[in-house]
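There's a structure below that I have some questions on.
A, B, C, D and E label the chains in the order they appear, each numbered from 1.
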Amino acid sequence: MPVTDNAVTDNRTPGDLSGSDITGAFKSGTGTRFTRLLGIATIASMALLIVFGLFVSPADVIQGESVRILYIHVGTVWVAYLAFSVTALASAAFLWKRTTSLIWDRIAGASAEVGVLFMALTLFAGALWGRLAWGKFWVWDARVTTTAFLFITYIGYLAVRGLGGSHHQRGRRSAVVALLAVLEIPLVHFSVKLWRGLHQDSSVTDTTKVKLHDQMLFSLFIAVIAFTLLYSWLVIHRQRVMAMQDALDDKGLDYALQQRRDEGDG
Amino acid sequence: METVVHLSNAVAVLGRFPVLAGVDLEVAKGEIVLLQGPNGAGKTSLLRLCAGLLPLVRGEAIVLGCDLMTDRDGVRKRVGLLGHANGLYADLTVTENVRFWGSTVGASVAEVDAAMQRMGLAKRLAKVPVNRLSAGQRRRTALACLVARRAELWLLDEPHAGLDANGRDELDTTLREATNAGATIIVASHELERAGALATRLVEVVGGQTRERSL
Amino acid sequence: METVVHLSNAVAVLGRFPVLAGVDLEVAKGEIVLLQGPNGAGKTSLLRLCAGLLPLVRGEAIVLGCDLMTDRDGVRKRVGLLGHANGLYADLTVTENVRFWGSTVGASVAEVDAAMQRMGLAKRLAKVPVNRLSAGQRRRTALACLVARRAELWLLDEPHAGLDANGRDELDTTLREATNAGATIIVASHELERAGALATRLVEVVGGQTRERSL
Amino acid sequence: MLRVARLIAAKDLRIELRSRVVTNQVLPFAAIVMVMFAFAFNTDSVVQKVAPGLVWLATLFSLLTLVQRSFAVETADGATDALRGAGVDPAGIFLGKAIALAAQLAVLELVLLFTAVVLYSAEFRLSGLVLLVTTFVAATCGLALVGTLYGGLAAGVRGRETLLPLLLLPVVAPVLIGATRATEAALGTGGAVVADGWSWVGLLTVFVALFGVGGTLAFGPLIEE
Amino acid sequence: MLRVARLIAAKDLRIELRSRVVTNQVLPFAAIVMVMFAFAFNTDSVVQKVAPGLVWLATLFSLLTLVQRSFAVETADGATDALRGAGVDPAGIFLGKAIALAAQLAVLELVLLFTAVVLYSAEFRLSGLVLLVTTFVAATCGLALVGTLYGGLAAGVRGRETLLPLLLLPVVAPVLIGATRATEAALGTGGAVVADGWSWVGLLTVFVALFGVGGTLAFGPLIEE
């Protein structure tokens, strides 16, 4: 993944922090009982997805076995949408004066990171599927292209998070970008209608012309549940890691402050 | 006496480097405080903090009655900063530059002219574009922009650098007039003899911290 | 005594403006000449002319035995100029900058280290990129680059600007050492008290012309 | 806010009048880009078909240069700091710079359109003129607004040249596409009809409204250090 | 002269390593340019046909940025003055900067070629590989040499941003055409055969020799005030 870790930018300064023993404060890890349960649920639903996706659900009349990519492709993209929406909501919460708290910023960041991860999976699965269905990894279809733009946009968002500066500054800047970026999701969703491309039209949500087999629909449902659980697990952990990093930055600051003060005496 | 600047254990960082490592400073209205100290001590950073340009990370900072943690915009409108850079538009003439910076606070044409007069720019140089000025002439222009801004708190970072003997005298007069008109001034300078004669108080900055010194 | 700089009625222009309007100047080997004068008088232009950076339009100019009309390249290799700008690469560290400028004249690593030591840059700052330095620290780096160049004629344009008290002392020592080693120095500065103590001769520049003055 | 906007826009345009960077640099650049395009695809039929796309593509590249120039003027001698430090209303700065940018873009687009007509023998239809003008106005405003918003965000930071295209291009792409389709409709390229174009203009208008309001509100926090 | 060239090249590449402007800025920019091209001409067959031309067109745009960056580094804090003032051999400066530029261009072109292969489904033939590599080497050297020469000329003067594209693009056009045709021959685009390509490579080589010698001799007077 590209820019994931904004704390590890090259900001080493004269008062290098690496020598201190400030890591000792965080031995407890990021797990709690709830997240362990969540993890177990994730694994279980993944197993269920494998069973239904690969064995129970039928092959497609036209596309054959390759239709099974659908569960990954569509499952991940919907969860990516969810992730980006959460990012936007958390960003709004951060910008709103009465709820300003860095925790919203961290949730926004963590959610975007996981969203980018899922979106990468979508693109990957879509490209593979494209090779099977259209004979090419990539076509210049409207949805495919707008999806690529959405992906780039959130890479840009993560780059903005990585610019450095104080935590609040990071929060403010990235929140604005997130609120603008989320507006691209409808564009991607409606792009098929707008531009009439090669890509599949809405076939799941549009109930007037259900084309999917019932068992396929159910498998897709399981896929979405499984990916959502995975998403939650990842975000919770990532968010806690970020909190630790922020705290570590603060601890590092204490150390650097001491060194800076000694400069005058030395 | 009215307090204009109140810093208590103020911390500011650039990247991860704590440029200000817990600064305490009290400045009362009408004072001319001289900041002095070795290169890299944090004088520029201290001035930028007071101008609301460098975010406060920890501690307390109240400037002109506004808390820098929450209300930096309130401070900025009433503070004038002359930094190491001049902040001039190279393609515009001297007059256009001073007028632009004056009009950001709604100064009248007369006030702008007075400011240029003050720094000896009213005659030959008025219509010369800044990119054809010498270093000292640029510094004068930047000072004229500052004068035109009519700030309540003036923050000057090495204002003498590049000015000729005449310009230094004009600057001193200008600063004295400003304090008489109710402004407060903080100057960072390495020219102790020059700035010391002007200042009412000397503060030494070392290693991101301040120490009171006698003049 | 050996003449290092000989200008006679030298004229130079920028755009259409005659920045130097017939300058006469003689500098002998080992001198430290202080140029002084109002803003815009032409001090910077005079130094740039001597460095072979500003074309001579009329008159005569012979520097280090080379005629500036015909052989500017010969001059440049042997002259070191510190201008208003520092000429540093912002993304490189202090050491890398000094090393680069040193190696343009084939200075050894030891000489480079000595130059950095001279300006107090050998320790904490050696590995810091220039864009993370304070204004004075940059000026020190530029001076170190100049020292590493081991020029025969040093041309310094307001070298004190931005240096702290300590740095000024170091600079003075450096310049005295350089003249003892056979270099000649011309300094433009507005800090009469400081630079006057160092100089052996004072030349006033006014309106693109020079006048001899007593110190 | 409007006073500040007028002030800033006047200043930016005056700087352009003095320095003539856009007139002397970006214009020939854009024109040359168009010529190169024509060169690279030397089959005439292809060029004519993609002419509207090329106009907008060239506009886009020039936009990047224009935005960079617009903020380079501020950062060159630390004027951004001075602006922020002067407590000038950020919304005013945003609108002012966007107005100046839009004015410069408009001139540029006219020239490009003219070049396209001459070089690629693109054709005008009177019936499409209203559509064409509306499209150009909407697209210009949209590009200027987004450009200013992200330009301001990227201006202060270290990797600014990196960040600007990264942020700008994916957002601007829809404008590019919408404007291209609308222009095609207006010019009748490839048999497109005028009526098709108006829905695209609608999309552009939504975009303008969005970034106009969003930018005015968000510019302050964005340029904050 | 060679010592100076090595010194300057090493310095330029080190600055790039530190600042990562090319890696982080020009590369994504060029890649996005390619994506935009593909999108603007959304008919697949067209894109595939013009793929080699697009690669070189994108290289050309990036060349402008690269040259500007290469000299911006020098002018930012008055280092050009310092270089000239230091009496450093101009031929050495020229070669050094050209070498550094060529290295950066080479990386860029590899990425672009890769992008073209993936995005436009351009195809490789083993028989054309030697031709392809030769073309790329010759074209890269040619572009780097011309870029440095005119970059240096434009660096000092006031309207530098104006001047550079204006001077550079017409001169580089032959390189663009030669390289495109040679690449087409190497890839077999549109049924071109490999043998066709070599005459273009010959043209490129002449170009390189010309600007290599000319630049080395002329750079000194050019960067003079």
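Rule of thumb we're sticking to: contacts are C-beta pairs under 8 Å (C-beta built on N, C-alpha and C of every residue); 3 or more make two chains touch, one makes a residue touch a chain.
Source: prediction; values computed, not measured.
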item	value
Steps in the shortest chain-to-chain touch route ending at chain E and beginning at chain D	1
Chain of greatest Cα-centre distance to chain D	C
Longest centre-to-centre distance from chain E, chain (CA-based)	B
Intercentroid distance (Cα basis), chain C paired with chain A, Å	57
Inter-chain centre distance, chain A versus chain D - centres from mean C-alpha coordinates, in Å	31
Approximate Å spacing (C-alpha centroids) for the pair chain A, chain E	37
Sites on chain B at which at least two other chains make contact	14-15, 17, 55, 84
Residues of chain E touching at least two other chains	32, 39
Junction residues of chain A - those touching two or more other chains	13-14, 145, 152, 164-165, 169
Chain C-facing residues of chain E, complex	4, 7, 11, 14-15, 18-19, 73, 76-79, 81-88, 225
In the complex with chain E, residue positions of chain C that touch it	51-55, 73-79, 81, 83-92, 96, 100-101, 103-105, 129, 149
Chain D-touching residues of chain A, taken from the complex the two chains share	95, 145-146, 149-150, 152-153, 155-156, 159-160, 163-165, 169, 172-173, 175-177, 179-180, 183-184, 187, 194-195
Chain D residues within the chain E interface of the complex	20-21, 24-25, 28-29, 32-33, 36-37, 39-41, 46, 50, 53-54, 56-57, 60-61, 69, 159, 161-162, 165-166, 169, 173, 176-177, 180
Residues of chain A touching chain B in the complex	11-15, 17, 164-166, 168-169, 249, 252-253, 256-257, 260-265
